[in-house]
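Take a look at the structures listed below.
In the two complexes that follow, chain A is the common piece, with chain B as its partner first and chain C second.
This part shows the complex of A and B:
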């Protein structure tokens, strides 16, 4: 019975968005920090950022399904608006959006975590 | 001759035992059920120790996934419908776009919810951008259950709308025993 109790207490409740924020920032900086926007490379960058984020999140070993989205946009003065709406369990599920920029581009990464069980 | 009264008395005694048990039933005036009532009362008398376990305990049953998959084409139609109706012939404006992204998001979520597909959670993401010859790339990756979870997207000029549907797992149909 003690084994059962430990399992139930190990879920730690809601999604920790601060921790995820840190993980995502680190992933973005590892991929595009110091680079200028390049049409040829952007495909590779976005794929690399999402894969790294996903791998790091999975390493935490929490019982969540993840959706990671990355948008990289060249800085030309154009506007971009992003919104999200979710139908889920507000106690257990959560999201985290990180905005990062450098001289030539914007990078917006959203992580949505949906609890299993 | 002497045997007859003994037999009669024995019969009466036999007749007494069940009749004591079935007094209550006879009080209810259900003559048709006397045979059944006799058998149940005799069981209780013989197996009195079963009183503690009269509640039957069932094993937990689990539903591991949704019974019905999400209709992807219905959701794509919703996206197309909402985006064309809200963004038809509109020009980019900062405040209007801010409000529009939120509104479109919520409208899509409400319509997908109206489909009433049980055991699914939904995430809707909307991007609206200005067309000024800039370049942009959007990618996404998901860690999910490939058999049950789906994703659809629709784009109209510079508005991109993404919708993910994730199935929920593991709802216990009975409360956990402690």
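This part shows the complex of A and C:
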């Protein structure tokens, strides 16, 4: 119980969207690197990106549950939009969305962090 | 009995998240709002936001006590491109869950020109004590 209170009062325990932003960008770059869009690889890429992000988030040891989503779309001039709406504790919970692109594809990753207690 | 609610560590059956109920909420709103609609980059940002809000409000009032709720709407224009969406969660599989709906729209315009709208809506429910 005391542990939880310390987490909630200390800023290092709260969700940090800037730090998360960095983690997500690194995961995307490590997975996709300089590759061009490939139908055969895209399933593996999206799975690998969400799994790596989740692993890095869990390593931080914060009292959160996480939802991570990743959308990869081939560039053909088509538009892509995402929107979120959450019902949660705005003081503790948070989200972060990263947009990344290279010559042939877009990648959009969203992380939702929901405090356990 | 009511006072002891504070110490519930598991939702009772009546209030436990039911994916089928939420899927139906999503489906109903999406079909109502998007049938016959074509992709318009000017309108989609507002449309996706209002869809997400609308679904959140509906599920919020569906009687799942002590659940936090995350709704994500992804709308894309279909021009024959490849697209893939994946998600993973770290949560309590016993109490938390999700519901998802995919909607695709084919609109025939004069001269047979067509624009497709592809939409994926997901609602995640996270139980909290």
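The rule we apply is simple: the second predicted complex is superposed on the first by the 103 of 117 C-alpha atoms of A that agree within 3 Å, B and C clash if a C-alpha of one lies under 4 Å from a C-alpha of the other, contacts with A are read in each partner's own complex, and residues count from 1 in each chain.
Note that contacts are C-beta pairs under 8 Å (C-beta built on N, C-alpha and C of every residue); 3 or more make two chains touch, one makes a residue touch a chain.
This one's a predicted model, so the numbers in the text were calculated from it and none came from an experiment.
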(request) Please indicate which partner A:76 is in contact with in the superposed arrangement: first for chain B, second for chain C, both, or neither. (result) both
(message) I'd like to know which partner A:88 touches here: chain B for first, chain C for second, both or neither.
(response) both
(request) Tell me which partner A:24 touches in the superposition: chain B (first), chain C (second), both or neither. (result) neither
(request) Enumerate the residues of chain A that count as touching chain B in its complex and touching chain C in the other. (result) 37, 39, 42-43, 45-47, 49-51, 54, 57-58, 65-89, 93, 95, 110, 112, 114, 116-117
(message) Under the definition above, what is the set of chain B residues touching chain A in their complex?
(response) 92, 94, 97-98, 100-102, 104-106, 108-109, 112-113, 121-145, 149, 162, 164, 166, 169-170
(message) Quick check: in the complex, which residue numbers of chain C touch chain A?
(response) 39, 41, 44-45, 48-49, 51-53, 55-56, 60, 68-92, 96, 122, 124, 126, 128-129
(message) Show me the residue ranges of chain A that touch chain C in the complex, using the header's touch definition.
(response) 37, 39, 42-43, 45-47, 49-51, 54, 57-58, 65-89, 93, 95, 110, 112, 114-117
(request) Using the touch definition up top, name the residues of chain A that touch chain B in the complex. (result) 37, 39, 42-43, 45-47, 49-51, 53-54, 57-58, 65-89, 93, 95, 110, 112, 114, 116-117
